[in-house]
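Presented below are the structures under discussion, each in the form of structure tokens.
Here come two complexes built around chain A, the first alongside chain B, the second alongside chain C.
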Partner chain A sequence: MRDVAVIGVGMNKWGELWETSLRDLIAQSALMALDDAGIEEVEAMYIGCMSSGLFTDQEHLGSMGPDYSGICPVPGTRVESACASGGAAFRSAYMHVASGMADIVMAAGVEKMTDVDGGGATFALATAADQEYEVYNGVTFPGLYAMMANHHMKKYGTTRDQLAQVSVKNHYNGAKNSLAQFRMEVSLDQVKNAVMVSDPLTLLDCSPITDGSAAVILCSMDKAKSLTKKRLVKVIGSGHASDTIQLAQREDLSSLKSTAIAAKQALDMAGRKINDINFAEVHDCFSIAEIMVIEALGIAAQGKGGPATADGTTAMTGKFPVNVSGGLKSKGHPVGATGVAQIVELTKQIRGEADKDRQLKKADIGLAQNMGGSGASSVVHILEGM
Partner chain B sequence: MSAPKYWREIPQRYRFEAAKCKKCGKVSFPPRIVCPECRSREFENTRINDKGTVETYTVIRVAPTQFTDEAPYPVAIVDVGDGVRVLCQVADCGPEEIKIGMSVRLEFRKVQQEGHGGIINYGYKCVPE
Partner chain C sequence: MRDVAVIGVGMNKWGELWETSLRDLIAQSALMALDDAGIEEVEAMYIGCMSSGLFTDQEHLGSMGPDYSGICPVPGTRVESACASGGAAFRSAYMHVASGMADIVMAAGVEKMTDVDGGGATFALATAADQEYEVYNGVTFPGLYAMMANHHMKKYGTTRDQLAQVSVKNHYNGAKNSLAQFRMEVSLDQVKNAVMVSDPLTLLDCSPITDGSAAVILCSMDKAKSLTKKRLVKVIGSGHASDTIQLAQREDLSSLKSTAIAAKQALDMAGRKINDINFAEVHDCFSIAEIMVIEALGIAAQGKGGPATADGTTAMTGKFPVNVSGGLKSKGHPVGATGVAQIVELTKQIRGEADKDRQLKKADIGLAQNMGGSGASSVVHILEGM
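On to the complex of A and B.
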């Protein structure tokens, strides 16, 4: 395997984009990434997308991606692992370059979610769970995470306020993100008093429905040095693991084993410990998810994710900033784009190109964690500035 | 829901049929064709217990389309012993009554209906013991 760098990143402004089609969403971020890298051609394209079929009746992004990005006849491959599709697409592109099969490959991610109504979106998202043994019985995605939350609260004493602190923090950060869907701060009381979706999670514990895309260009390190003048961002760790598709069949309902395994793989590959990492973008699809993820990554001890959030450890100015972008909660969660957008954020932070009032002072090594379903698949990457 | 898709799950939904690994004894519900513990492919038929305890729960207030008339309704993950947990709705139990650790019993119930006057889909729910 050879060294690989991220040399270009692109992400459109996320939101309810009525006027933008699936095809244009892909192309917008793809072109931004190409422009950022200062190149016009790649040798392959991966597209992370959970369910363009259910959201827009459109499959075959392996053609539509390259076609509308103006790079035919470059081969396109759609990668699907529910909400971890973007992270898995990035890993596929990384392996493609690291293997030596190509020098320059694009990883894109997209989801066009607002062409269906709320019921349609709930149905499409629920396909990430076990249809016959979870969805059939009337559970929703917020419901699955709500059950993890109640279990975590009972087992470790995690509080309703600590859950809300995740949303408060991420909205504070996202309000400063020029590309975020919901650029507004929320208070603890607003989160707790918002409409109840699935006890104990309110609407403001849940990530939103979003149209959006993101794209990055990966390049062999040797070639990257001659192509770009920007700070090179090297992929130093990559991990990927699965767990049972049913939440009920997990060893422990209060921990995310697939994330812990993927993180260990990525850290071992990088030869680093979690405390060597400066900041992280993690999969806060629900407030409880961020608490469980920071425990699985080792940022907080098992059961201490709530206190670590409440005491400011993971705040922008804390010891280990988490989701300085605003996370899925505030930035938005166009499912297949999320994992790629995390790489965009890591790269911009490491290059010193993030929005001014949320650029971290020390951002040399960042970690991205992207998760599918109720934690049934996880992808972790570690990037370092050269 | 297509007839074959529904019909395939009847042994589990109506009769709680499960598969017990002949080598290590792990019970899989629904049945699997390879044991996730020991990779053995030999099983004997068994049934999961109909009594268990609530390991965690939630109350669904924003429900999927075919369940909106029933919301709010509680859903639980029930530990039925032998290393098996099932996810199901909790019937005959108000949203405020459900608690972690509560004893419940699995019963055969109507789970969903495909629209007004549509086909009724059955399965299991748990009720307070």
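On to the complex of A and C.
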């Protein structure tokens, strides 16, 4: 396989973007990434998107993406793995370049989630779970993650305050992110006293509904050196694994096997240990998710994700900063865009281009973990500055 | 890039499969392909599917595919490019192996289309067109292809009989296909006198609504030689291109630019000319589509696709057999499965394993052309027996 670098990144300001359509969202970030790379053309485009069909009655982004980005007849491919769609699109784009089939490929991600009525977004998101065995019986994602939280609390003694601290930390970080949807800090009491969604998870334990997009340009390392003067960001590890789509069929409700396997693949490929990594962007769709993810990655021991959050290990100034971007919780979670936005954040941190108040001092190697459903699919990437 | 071979194929009997769910469909063909290859494991799985969200309220096939095929934690990735989803999934799987990331990868395709009420299938299929500029204004795919047909008839003198002959030929072939949905022959008069759908296209000019799946196993050539004693089928060419999603924005309504570009890429990669190819499976979603596709591929000159169909050039016994499987028209068109089923057919023909009455005598090099929307995306592959 050839070495591959990220040479351009783009991301629009996320939020409830009533005046920006699905096609506009794709084009905005795609054009920003091209500008950032200083190029006008790519040879292929991947678009991570979970459910443009249910959210906006529009499939076939493989045509719409290149078309509205103004780059037809460049081939477009939409990639879907629920909320891990963006990570999966990045991985497909990476393999496209690594294979030698093309030198320059774009990985974009998008979700336009606010154009549906009432429970439409919850319904669309629930299609990432098992319709016949989970959703038809009444459970949606807050309920599934609440079950995981209760199991984790019972098994490991994880506390309500530890869960809430994930949201407190991520909103503290996201308040400093100029592209985040919710740029305000929240307190432990605010999280715990917010409207209950599914016990023990309140509204402030849950990531929001968001319109947004992100895009990155991947390039063969040889060509990258002649194309850009910015710090080259090399893809040194890629991992991807699945688990049962039903939570009930898992061996253990309170660990994320797919993330552990994908992380091992990525670390082995990179020839690194988790402690060689400087920082991580992870999939905190619910507060309990971040705690389980940092355990699966080995940032904290199994069952110790709560204490590691409470003691500041994963804070911006901690030993292993996690979600310096604000994570899904504060930055927003346009599902198909999330995995690509994680790569945008890693690249900006490694280049030293993050917002001033949240640029890490040591950010040479970063890890991105993107997850679908209740952990039924996970994608992990590791990027290193050259 | 490494050489890659197809070493296993599987396809269930297509039709209105009321007792077979989406997950069953995926697993059936996946297990058949593993059996055919004589293996039990793959390293990754791609699933081409256009709209499991709108057809069955189920996304996240990247988890469901491996899960119900019994191969978790193997990573799964769903690939969508409307009706070209299967071809795009095969291309992703090809690059996965060609890159060296894995040795053995499955490409599956599926669509469960009959589980929606009334116009639900037409609505879901229409999401491959531009919702805001085409579908909201009342046009669905029969209307779009009827416009292309009328333009082609006016510009090139293509006749109603020539259009109908596509269906006559494909039903003649499909009647001999043991896995086809509609195994009956039709006459020119039957096609022309069938219920009008969108002038000039009658019901028998249109491909049907189908439940079905297909799967193939790709393997690095080195490993393939030690795994199978069957004739190795090498992927020698792969091409993929996009065009505007709106028909109205094309330079020309009666030619398929994306197919012409993808075919050129695939032929250039293979180092062949179109006349070096022995046979082709092409995307005859409507009778006019096959005529326009054979022109874009160079099997017939521009404007001469009608006469080439009428004079038997593309018949099973003709100079360049097209859709010996029965094509989408007779075999059925479960949209995400179609592109993978084309690879199944190419492999079986090249191996000499097609149904007895329709096995071609000369079938060493075959071409598959899979198309999304009104030609807004096209994928072309060329396979050769070793």
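In this section, the second predicted complex is superposed on the first by the 385 of 386 C-alpha atoms of A that agree within 3 Å, B and C clash if a C-alpha of one lies under 4 Å from a C-alpha of the other, contacts with A are read in each partner's own complex, and residues count from 1 in each chain.
Here, a contact is a pair of C-beta atoms (placed from the backbone, for glycine too) under 8 Å apart; a residue touches a chain by one contact, two chains touch by 3 or more.
Not measured: the values here are computed from a predicted model.
By the touch criterion stated above, A:Val79 is placed in contact with chain C alone, chain B being left untouched. When the two complexes are overlaid on their common chain A, residue A:Glu132 makes contact with chain B and with chain C alike. Judged by the touch definition given at the top, the superposed model places A:Ala33 against neither chain B nor chain C. One of chain B and chain C touches more residues of chain A, and that partner is C.
Of the two partner chains placed by superposition, only chain B is touched by A:Asn150; chain C is not. By the touch criterion stated above, A:Ala300 is placed in contact with neither chain B nor chain C.
In the superposed model, A:Asp243 lies in contact with chain C only, and not with chain B. Overlap of the chain B and chain C interfaces on chain A comprises residues 123, 132, 135, 244, 246.
For chain B in complex with chain A, the touching residues are 9, 30, 36, 55-65, 67, 70, 73, 75-77, 85-89, 95, 100, 111-112, 121, 123, 125. Chain C contributes residues 1, 21, 44, 50-51, 53-54, 56-64, 66-67, 72-82, 84, 88, 91-92, 95-96, 98-101, 123-124, 127-132, 135, 238, 240-246, 249, 257-258, 261-262, 372-373, 376-377, 379 to its touches with chain A in the complex. On the chain A side of its complex with chain B, the touching residues are 119, 122-123, 126, 132-140, 142-143, 146-151, 154, 195-201, 244, 246-249, 253.
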